[in-house]
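Here the structure comes first, spelled out in structure tokens, and everything after it is commentary.
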Amino acid sequence: MNEKNTNKLKILNDPIYGFITIPNALIYDLIEHPYFQRLRRISQMGLSHLVYPGAHHTRFHHALGCMHLMQKTVRILKFKGVEISDEEANALYIAILLHDIGHGPFSHALEQSIATGIHHETISLKFMEALNEEFKGKLTLAITIFRGDYNRKFFYQLIASQLDMDRLDYLKRDSFYTGVSEGNINSERLITMLNVKNDDLVVEEKGIYSVEKFIVARRLMYWQVYLHKTGLGAEKLLEKVLLRAKELVFEGAKLPASKAFNYFLINQISEENFNSATLKIFAKLDDYDVLASIKEWISNKDLILSKLSENLINRKLPKVELQNHPFTKEEIESVKKHLKKTFNLNDDEVNYLVYSGKISNQAYDSTKSTIKLVFKNGDVKDVIEASDHLNIQALSKPVNKYYLCYPKK
Amino acid sequence: MNEKNTNKLKILNDPIYGFITIPNALIYDLIEHPYFQRLRRISQMGLSHLVYPGAHHTRFHHALGCMHLMQKTVRILKFKGVEISDEEANALYIAILLHDIGHGPFSHALEQSIATGIHHETISLKFMEALNEEFKGKLTLAITIFRGDYNRKFFYQLIASQLDMDRLDYLKRDSFYTGVSEGNINSERLITMLNVKNDDLVVEEKGIYSVEKFIVARRLMYWQVYLHKTGLGAEKLLEKVLLRAKELVFEGAKLPASKAFNYFLINQISEENFNSATLKIFAKLDDYDVLASIKEWISNKDLILSKLSENLINRKLPKVELQNHPFTKEEIESVKKHLKKTFNLNDDEVNYLVYSGKISNQAYDSTKSTIKLVFKNGDVKDVIEASDHLNIQALSKPVNKYYLCYPKK
Amino acid sequence: MNEKNTNKLKILNDPIYGFITIPNALIYDLIEHPYFQRLRRISQMGLSHLVYPGAHHTRFHHALGCMHLMQKTVRILKFKGVEISDEEANALYIAILLHDIGHGPFSHALEQSIATGIHHETISLKFMEALNEEFKGKLTLAITIFRGDYNRKFFYQLIASQLDMDRLDYLKRDSFYTGVSEGNINSERLITMLNVKNDDLVVEEKGIYSVEKFIVARRLMYWQVYLHKTGLGAEKLLEKVLLRAKELVFEGAKLPASKAFNYFLINQISEENFNSATLKIFAKLDDYDVLASIKEWISNKDLILSKLSENLINRKLPKVELQNHPFTKEEIESVKKHLKKTFNLNDDEVNYLVYSGKISNQAYDSTKSTIKLVFKNGDVKDVIEASDHLNIQALSKPVNKYYLCYPKK
Amino acid sequence: MNEKNTNKLKILNDPIYGFITIPNALIYDLIEHPYFQRLRRISQMGLSHLVYPGAHHTRFHHALGCMHLMQKTVRILKFKGVEISDEEANALYIAILLHDIGHGPFSHALEQSIATGIHHETISLKFMEALNEEFKGKLTLAITIFRGDYNRKFFYQLIASQLDMDRLDYLKRDSFYTGVSEGNINSERLITMLNVKNDDLVVEEKGIYSVEKFIVARRLMYWQVYLHKTGLGAEKLLEKVLLRAKELVFEGAKLPASKAFNYFLINQISEENFNSATLKIFAKLDDYDVLASIKEWISNKDLILSKLSENLINRKLPKVELQNHPFTKEEIESVKKHLKKTFNLNDDEVNYLVYSGKISNQAYDSTKSTIKLVFKNGDVKDVIEASDHLNIQALSKPVNKYYLCYPKK
């Protein structure tokens, strides 16, 4: 028995891929770091579990899944003769492992309410830089790739494109945990058909139907899961809770909240004032801070905050109407008027109960980081051109829908 | 322990659905009948196992699977308040169980070569009528439904439409056994969304993305599996073997073959002369007759028959070129000329080695037995109209491809 | 389209069973009740996700799964002629749905530390009674069954025995989410082999190997998952955090905690003083209270509490040694002595860092609520007698192991 | 895009493992050879599909599966530091790919009836030697390993032991295709826990419960699938058909049969007279010869042969009684007497209809090629000693059962 491999070469059980291998000690140490462990406490799909009760998987698990797929991809590309050095491979693993480390709890709701000034990708980069310092420069190449600055462009395409490891994992994973099996893509099969041509990531010709199906599965997951009416209602309700809390705090109220959460309720954070101290506080924030606080707010004396919080915790979700054209001002006002009268609310208050907006999805974007196919004769074509049909072109038109939320009964 | 249920109420293990229940003694007896048992010896996918080594499932298994899905469907429709009597339900089970009983071995190849005069659906009906006689009229309602003559039209739609139990089973099953998981449809989910409106089978509004995915999966299975180049080459090769054998027999040769197989080599069968005696002989024909004979023909003195047979058995399949427009006469002639010269063949002989043709598929046919969606307000629309996109419309255009086959090397 | 079924007849997606059907409006309302919704915030496997990153499923999901299996069981037993009225069936669904409703967050750790005076099953009953009052007596039969007081004894066996719906769901579910596929039992197959004989729940003879496998799978899940060294270390660490917190509170310290959590830190709860007011507070307690508080305790001035909390949150888990005989006093003292010296700790403090104990599992208990097999001739035998082997008898001997935990490095 | 890999580096779809990779051109050519292609026409599980309708997978597919698992194993052992050269790895792939190539159609029945003089493993070796000649010595090392003559003993253990690739594939595969999911073992997990210690194949300590479960799964598959009463009846019936045919041929009858099959009916084959000419004829024999012939025999004038053949083809299987002790002579005679009288049969004839015998299985054999565990401290123990229970020891006792077959009604 050989002892070459230390305790840091781990094999983890995974319900989706069977096993995930941690390839080396540096990556093991990154995973063990509190910044990364924190992702264990951040749900990948926010409040979607209110619709799909199995959807409790975390960003931690997704990040490991991405790294696993990247290992498969590197192995298959090397099998096909693409040269990738060990250092490059390792940088790819790190870049994809950390690509989402900047996510806060319930990112979308948070970025629409109390942390509007900074995007999670910016924070990911800040985390990587902090870790790079701690790990004495060992993440430099990973960061270069993540920024899109590496001279081999397919490296960046593996991290961020319309066929990147992120999408290959999250569609599969979210489909798995929600039980919406129509969204299940065959990530491993797509990976076996990847190749590199003229420094571009390409799919072999025979993979065209798999790519079509991948695009359709993504479209389906958006409308059926990510933008599901009930889940949308829950997320918008969370936004309103957070907005109300921030408003109350600005008016001088003191709300029960963890120290880290309180910091973001009190302060207006922007890209400019997000410094290393902010990062350390942000690193303490997760789903537990947010939900534990909202649970306490149920007994708050502000009736709006109390009612919204109670509705969220006990899953009394708003009614959501969805249609292909915007709701008219008149329609919205009529709903508000009725509520104001019934519950004796003022204008500010009713806006926490009635709200409308737009959601949209573009199954395939034909304008940037497109999916390319390579033919036996060496030709490379965008998947739209390569298809024997107009259906992918059809799918590249964005679809917009409009929602109106208001309390049930 | 209650003894109500006799030994004929069986529960079978099934790799796909877990379990298949045989609901009553009549159906048990139909399954036990030699006419139905014969389907155990007829492969569902012909020679596709030469491409996908797992694809050895039989028409027997598919028929059971269809019956299982029909039971699910009846249960869900009744749960939703659609009235279906026990007698009607039973007729539906029988109709779907027997819908493919008229398939011969390697149906498509056979119907293109030695049994060109009659279609398998006609033979299915003949089998059903023979069984109805044997079972004293108990299949009458099933036959009425199968013929499309029953007064409740959704009954026929469950048996034969673009969303019938046949498709719901075979796409799932073929995807499962080939391992082409992109073709995997969620039959059970689609079934939970079925309903009946104005006597039409409809899918509930929220199922629209699942229907889209179903259509795309079907398209994918056609091009990637059913019309796969290598599989196509094998099937065409089989056709040529059978054509050559029939030609030799007509010229007076005596080929080793089972009695039943010999009957179809010697006789020209048409719908007119296919009588009850023919049916009894047909009932003895299966994959074993055909392949065992072809194995013997390898040592036949006719070089064409011998060579074609050997190529088929030992998987020396022809080279297949595929393109979007027909091959020109010149292209085909040039290939033939080269072969004739190299191997000293005459015109008749070279036609067994070089051949071209067209394959086509229409993922969704917007003109007949279309898929309808029902909306919350009760409106019914064809899925093309209901979609928020043009992609299904795009998929309703037929796609044609053209092939040219010739020996490798 | 029939409108018989109201909006309360829901079909939920489930990653394990495909779909879970909510059979009627009463059960829908029970599920929507805050007491039941609370289970969404209680992890089924406590801290096991620190070992198996997929294990984030909740008691909410498990309860739904049990109800689903109960529906299958009722259907199969009725198919076999066992008479079960609609009222009885409904009571079974409710009893199994609510059987675990009394679980608090991290039950095992909690019951060993701050809530030592009452067992979760007692609390389940209190919840059921409270709900029964609210739902005007509609849960009476369910409660009778749950208490084991119903006159048909197999009803209770479906709720609590060595082959109850609880085990059939949790083994499958925990195996699924951990990815430890060896623990995967075929619940649906076992159910198809259930029957009732002399009012006892029995398994048909041919199921003997499946029962054996079920017992072995359970044994495997215990040692490989539930009692996994690392998971055990995490749970024991959590116990120590809670014990320290309770000790500090008793000494007069004020710790950040939600109101509900604080109540249980301050008060000594026993079966006697657990009244309806306590129940209402208990109903507000979940994983979020506990973990959010522990996160705040990281910055507490008590070094023991701070260090233990930080170790738990950042997954710096203790080293765990496991052996077949108890650790000697000398071994334990020697570890403590070393730590006391190195970190200058007193006796009280060191006990929070070094601790030992016993874990045990009995794969099959031959003394109570045993698994019975029924033979074709009507004989009923315990599975131990029925087996053609001594292996189940071997598995009925309890296995004990002894652990010693102390800080790494 | 790199062109290093020729067309012979194929990736096949596989329903079980996702993908199977053909690692090099030599192995590609071996797979393409008619000797190996022949395995496509030999069912892995003989007549088990008469009980489990999905069980139509072939020895071809199993052989590919074994090779796939061997690739996984080589990769994991190398990852753990075990040195395996490319040449050695390739020899392992070939040895396992060809380990079953000597199987004839319905091996067990055939070896009990018309080909009693030679064992399939001997024939496998003859095929390998013939191929080695054709491939100019490239199989020499593979043959050395297969014979058990290689100086690194764990090589042979990977090919033939109680935890070899053969078992790891067939248990998983047969469980998959029959749908008997309790037999599903986690081959990939077991493989990740393999290592080599003192030149012995060992399983890491933590794998002990997986090994236990593997042994129990094997036991279950034997009694529930391989030795299933109905399947046993079918296999014994097939033996009787073949015995009757051979008897008739010896008496001078001429039966319809393919040339290859006829050869084995006419001749008495033994290890001595099985020469290279015999091998070439044997290479033409597969399931199609046997079943196509039996179908023809239904109309044979010998009533015994005709009736037995018809029963087999139309699945009119004998009744099988199974018990833990032998049937007495009196019991057997009484059944025979009754039949002789009812159908006016002589002694010879009745022996084709009534027969008894013993079946047995030993889940784990503690005496040869045992499964060894390695502990963290380097100790190696047999799994029986290593277990914390006596259950594996219990499973190492052979279990015998006795059957009696006779016609239904």
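Chains here go by letter, A, B, C and D, matching the order in which they are written, and residues are numbered from 1 within each.
Simple rule for what comes next: a residue touches a chain if its C-beta (ideal position, glycine included) is under 8 Å from a C-beta of that chain, and two chains touch if they have at least 3 such contacts.
Chain by chain, the UniProt names read as follows: A, B, C, D = HD domain-containing protein.
Since we're looking at a predicted model, the values are computed, not measured.
Colleague: Considering A-D alongside A-C, which chain pair is linked by more C-beta pairs in contact?
Modeller: A-C
Colleague: Where the centre means the average of the CA atoms, what chain is farthest from chain A (HD domain-containing protein)?
Modeller: Looking at centroid distances, D is the chain farthest away.
Colleague: Determine the centre-to-centre distance between chain A (HD domain-containing protein) and chain C (HD domain-containing protein), using the mean Cα coordinates as centres, and give it in whole Å.
Modeller: 31
Colleague: Chain A (HD domain-containing protein) to chain D (HD domain-containing protein): how many Å between their CA centres?
Modeller: Here the centre of chain D (HD domain-containing protein) sits 49 Å away from the centre of chain A (HD domain-containing protein).
Colleague: By the touch rule stated above, which residues of chain B (HD domain-containing protein) touch at least two different other chains?
Modeller: 13, 18, 189
Colleague: Touching chain B (HD domain-containing protein) in the complex: which residues of chain C (HD domain-containing protein)?
Modeller: Going by the criterion above, the answer is residues 1-5, 9, 11, 13, 18-19, 79-82, 188-189, 192, 195-197, 202, 374, 378.
Colleague: Along chain D (HD domain-containing protein), where are the residues that touch chain B (HD domain-containing protein) in the complex?
Modeller: Within the complex, chain D (HD domain-containing protein) touches chain B (HD domain-containing protein) at residues 12-16, 18, 32, 34, 37, 40-41, 49-50, 52-54, 56-58, 60-61, 64, 176-180, 256, 258-259, 284, 286-289, 291-293, 295-296, 299, 313-315.
Colleague: For the complex, give me every residue of chain C (HD domain-containing protein) touching chain D (HD domain-containing protein).
Modeller: Within the complex, chain C (HD domain-containing protein) touches chain D (HD domain-containing protein) at residues 181-182, 184-186, 189, 206, 209-210, 212-213, 216-217, 219-220, 223-224, 324, 388-391, 393-395, 397, 399, 401.
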